[in-house]
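Chain IDs A, B, C, D and E follow the sequence of writing; residue 1 opens each chain.
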Amino acid sequence: MDKTPGTSRPVRFRGGGFAPRPLGLVGALVFITIIILWELGSRTGVISALVLPAPSEAYVAFEELVRSGLLWKHLSASLQRLIIGWSSGALLGVLVGVAIALFSFARAGLVPLVSAIFPVPKIALLPLFIIWFGIGEGAKVATILFGTFFPTVIATYSGIDNLDRSLVRMGQSFGLSWFSIVRKIILPGALPAILSGFRISAAVAIILLVAAEMIGAEFGVGAYILMAGSLMATDQLIAGVAMLSCMGLTVAWLISRAEKYLLRWRR
Amino acid sequence: SAADKVKLGALRFTSHSGGFVAFENGYFKDAGLDVEFVYFQAATPMAVAIASGDIDFGVTSITGGLINLAGKGAIKVIGGALHEEKGIDGSAILASTKAFADGLTSPDKLKGRSLGITQTGSSFHYMAAQVAKKEGFATSDIKMKPLQKVGAIIGALKSGQVDSMIIVPHIAKPLSKAGKAKIIGWINDYAPYQVTTIFTSTKNASGKKDLVKRFVGAYSKGIADFNRVMLNQKADMAATDAMVKQIHKYVYASRPYAKAAPSIKNGAMRISKNASLDLTDVKKQLDWFQSEGLVSKSITIDQLVDSSFVETY
Amino acid sequence: MDLNIQSLGHYYSDLEILRNINLDVPAGQIVAVIGPSGCGKSTLLRMIGGLEQPTSGAVLQVGETPNDSLNPLTYIFQDFALLPWRSVAGNISLVLEDHKLGSAEVDEIIENVLSRTKLGDFRDAFPHQLSGGMKQRVAIARALAVRPAVLLMDEPLSALDSQTHDLLMDDLIDLWMREKFTSVYVTHNLSEAVHLGHKVVVMSRRPGMITEVVDIDLALDTRKDHPELLIEYQQHLWNIMRDEVRAAELELVDG
Amino acid sequence: MDKTPGTSRPVRFRGGGFAPRPLGLVGALVFITIIILWELGSRTGVISALVLPAPSEAYVAFEELVRSGLLWKHLSASLQRLIIGWSSGALLGVLVGVAIALFSFARAGLVPLVSAIFPVPKIALLPLFIIWFGIGEGAKVATILFGTFFPTVIATYSGIDNLDRSLVRMGQSFGLSWFSIVRKIILPGALPAILSGFRISAAVAIILLVAAEMIGAEFGVGAYILMAGSLMATDQLIAGVAMLSCMGLTVAWLISRAEKYLLRWRR
Amino acid sequence: MDLNIQSLGHYYSDLEILRNINLDVPAGQIVAVIGPSGCGKSTLLRMIGGLEQPTSGAVLQVGETPNDSLNPLTYIFQDFALLPWRSVAGNISLVLEDHKLGSAEVDEIIENVLSRTKLGDFRDAFPHQLSGGMKQRVAIARALAVRPAVLLMDEPLSALDSQTHDLLMDDLIDLWMREKFTSVYVTHNLSEAVHLGHKVVVMSRRPGMITEVVDIDLALDTRKDHPELLIEYQQHLWNIMRDEVRAAELELVDG
């Protein structure tokens, strides 16, 4: 402190960083910019009107949907399928994932099965699905369930594989029951991986709405998109796709909330 | 001068044989056209590919999608292909065995029954509407089940998930023979009906009239050969076999000839002579699609069809 | 409950870690284990606690475990092993939840062990918000919460400042006076060893063998009154370990 | 040691477990069992021959494919699309994932975009893909690229989010460059999550072969399946699906190898 | 290079951790810091090293950093901070790779620091195959590898047995005799503090303030010859800390 301040300088700050802060408005801004550019592109003819209509046209189609009262019918049909299909697929996926991660037999028997069945395109199996589950709600929910099940399984067992076993040993040393160890040590430890798996499987579930509603669906956002596609009614197509995007945004937001609460212990 | 390069979109179906035969017999080359086939797995991408200029010609049924693309000024129908007429095998109406036992024995009983179709606005939808109209009930009295794919519809029919469907003869006949379904009627009873058409981009139709003319001419020669041999197969077995062999290069190519030949033979349907177009029926179809609200009311028949290339009636 | 270690040996793949360990841990005694870093003390402790299986030999338990103990053989881990997603209180309640205790009782136990380890203010903090010494105290609190009959402690006071260290050592002595628990106490601090151990086991470099067992015949609660005696013991232990190192160095030179 | 051995017993082993051991043959056994049961079911008529042919029939179709020499054409066309599409999608995905995980702006702008675009079904966009990329290889590769990009992004940034930042601080304290920290600390730390993302994205890529080859593909396993589907040739359909399964198994095996080597530091 | 800490204070959200810390760390001196667990020693060290920003006040560096040092301000972390996916040698080469050294030179440095920390046999072991003390030695080896001008050490010898501990302490003294590095040395071991510190800073309980700074005017290399003097200093420090605790307890009673 007896040094002249001229020769001294603060120690360079080297820490911090590598941890992005939320910038709430940027996301909205990006969307608005894209939509404005798209609209401008369409109006000036840079974007061919042939297949990609202007956002405003899609909005008109959407308004039509609202006016006719069909929006709610489509949405409620799809949401119901989504919620049932995704939640049962995710639940089963976590259960099977845990089994694979913990039992030698389950791992040896199921991992190859998962690897072999996951890559089979649901669309190719539509005829079989119809035979198995009929053309009612069963087949539609099953399609979504199938699609969400596999990514959840993989995310879950990889997440558990990646846990440091020393915490498990601690649990064993305190005589915790097997079930307690799974519930209180393994599942919370794998939770970040499971939630990231949910992000993926929820998006896959929404994608599969279209495949699911290929099976004799009268209402549903997927059915609406399919019809628009076969009629080349691109304005309706974009309106339908935008609805799926909104669902995706909503789900992503919900998972973010869940992460913020459940993973608040992360530094 | 060098031959003009032309890309022809095709599905690997017997109904596209006109083009295959014309190519095999060198009619395109004779017309100064260097044709390259581009294969598709579905009709919609083919229509879009014409709109985007990736291919020049295509053959497929008139659907809401096709009309809408025409309405946007992207494509034009320039000729006819498959045409349903009385007396020649065409698409059949099938009932599931369950529904048949339950009394669905003829098309007039379709009222209140379910019918598997690929999509709203598809040719199946249109045919069903024609049946309903003639039999005297509303289209909405038939429960349409959109199942996207022919395979899915067949599966649903076999397992009794839908009561009925409409399908090409080479699928209908074996199903019926095997007792998996019952033929209860024929679409040609509701004819005439222009099933498929030849179409090209608006740019070609207005800017390369000569090329389009030559293409249609060569294609017509292929149609003539096909009709002569395949619609009268018993007359000249040797010629039939020769043509089936030609077609087998394109259709069912992944199956051995012995297995493929019956399907190809069964699948032979009349293709319009000289690619002539049943404009009356096309107008009727356009009206129907518009009345159902599936396509824009502002689309006119002139936007859909350029009738300067083939004979129309 | 006595523990009886019989000709125990262990390998990690080709590396011999422990060789022919024979040791008796009589009920109600604290056995301190000292030895050079990496000689296998933690490994030995894991085997005594049944967390790892020795390549050869066995660890026997003689006599019955007391009934009032929630977890007879209890560990304090060298690396604390706290669940990062549970608060301080949550980490302690973790080991109580499987026993059917009323929530009031659980709260009371937590309150008690937290105050004994001076962590009352940090009940709801997450491990990443704690200093190194505080984490270690949580690990101690957690072990105390289950009323262990045998405490297996792996350098439990290593991260603590001298004040807290002495405080908790006194607490351990008090606890022992009251409950006469059995313990294996791994430490690198010779003073800790002579303050807490009824006998002190000196281990050799890897492969870890028992070089000597020093009995300290002084009541735990009176040891503070005989600092000179303790220093003598400490010096003795120091000499054993130095000789061991010398021998090892000679071996290196000769080999 | 002076106790009588009668009253003593070994300390109960409480550790171990929670780590399945490989049981090599079980996987193969499961497959063989399933195929035998299926064949039996088909022969006895329990499984309707209508839509699900016997494995032996599918095998005949496969043999036919081998004999005609088409197998290699289909396989090579598909593999090429897969490899180009998946590897570029995965590479881009990792890059964007890292950007999202590390830069506030990228996170704020891209996460909502990913959430909105991921759930859009590729099939619905086929017409747009044709206009944008034509009907050549571009559109097919782009379809696969799109499909693999999004799951990889999510797996990568979630994996990085889940890393303990104290190792990063260590790197900073030693003056490591930003790039070194990312390459040597962040990426290896997120590698388990990224590899699990690869498992998912590779399966998705195989699924999307079918969608990709809807776009004017002459050869390719997806095209073969589509054709078989439209001709109701269920034997070929199953043969094609089995090829996709084999691809899935191969990829899964490769990733397992990679995990075994790259993650050998895990305990 | 001197370090100059000026009225530094820090909060974690509402919790005051450090209050008005003023401290001079003259070039070529070792400043030992002692204080109760959780008082903010590690936090202070992170701020000196530029890893965290204080809520108020500043850390200034006076004078130039020497040129031959690869990383002037170097840490030894309390929790070791080893990369689990790199071997022992890999963890050390990590901090050398960014400097353009030949691979022969890197190998030589690694060889040197590993032999100094007696880890030569464990070059290729992964961290999870090491004992606690071995991990700590890897952390020390890594810090030595970059020829630091200022060493910030957070309880660097806490997990080591007394033999290894003394050995590495002697090594540090030798190193200081040769290179006269500057250092802030956090420890809870009073004997370490008086053996290594040119001055010893005593901190109070949270919020951490400086209670006293004790200068020890004995050359580092001669201290071993004056055990009685060192014990005296140690006793003095002990008294300060005890008084501090007493005061705190009184405060509690009064408050």
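Definition applied: a contact is a pair of C-beta atoms (placed from the backbone, for glycine too) under 8 Å apart; a residue touches a chain by one contact, two chains touch by 3 or more.
Nothing here was measured: the structure is a model prediction, and the numbers come from that model.
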{"item": "Common touching chains of chain B and chain A", "value": "D"}
{"item": "Pair joined by the larger number of C-beta contacts - B-D, A-E", "value": "B-D"}
{"item": "Centre-to-centre distance between chain C and chain A (centres being mean Cα positions), rounded to whole Å", "value": "48"}
{"item": "Mean-CA-position distance for chain C and chain B (Å)", "value": "84"}
{"item": "Sequence positions of chain D contacting 2 or more other chains", "value": "14-15, 48, 50-51, 126-127, 131, 166, 169, 172-173, 175, 226, 229, 232, 266-267"}
{"item": "Multi-partner residues of chain B (at least 2 other chains)", "value": "44, 48, 51-52, 149, 151, 154-155, 158-159"}
{"item": "Chain E: positions in contact with at least two other chains", "value": "46, 49, 51, 73, 79"}
{"item": "Inter-chain touch pairs (all)", "value": "A-B, A-C, A-D, A-E, B-D, C-D, C-E, D-E"}
{"item": "Residues of chain A defined as touching chain D within the complex", "value": "14-15, 17-31, 48, 50-52, 100-113, 115-125, 127-128, 131, 150-151, 154-155, 158-159, 161-162, 164-166, 168-169, 172-173, 175, 181, 186, 192-193, 195-196, 199-200, 202-204, 206-211, 222, 225-226, 229, 232, 234, 237, 240-241, 244-249, 251-253, 266-267"}
{"item": "Touch list for chain A against partner chain E, complex", "value": "1, 3, 7-16"}
{"item": "Touching residues on chain C, where the partner in the complex is chain E", "value": "12, 34-38, 41-42, 78-79, 129-134, 137, 154-155, 158-165, 188-190, 238, 241-242, 245"}
{"item": "Contact set on chain A toward chain B in their complex", "value": "49-51, 126-128, 130-131, 134-135, 214-218, 223, 226-227, 229-233"}
{"item": "Residues on chain D engaged by chain E in the complex (per definition of touch)", "value": "166-167, 169-177, 180, 184-185, 188-189, 191, 263-267"}
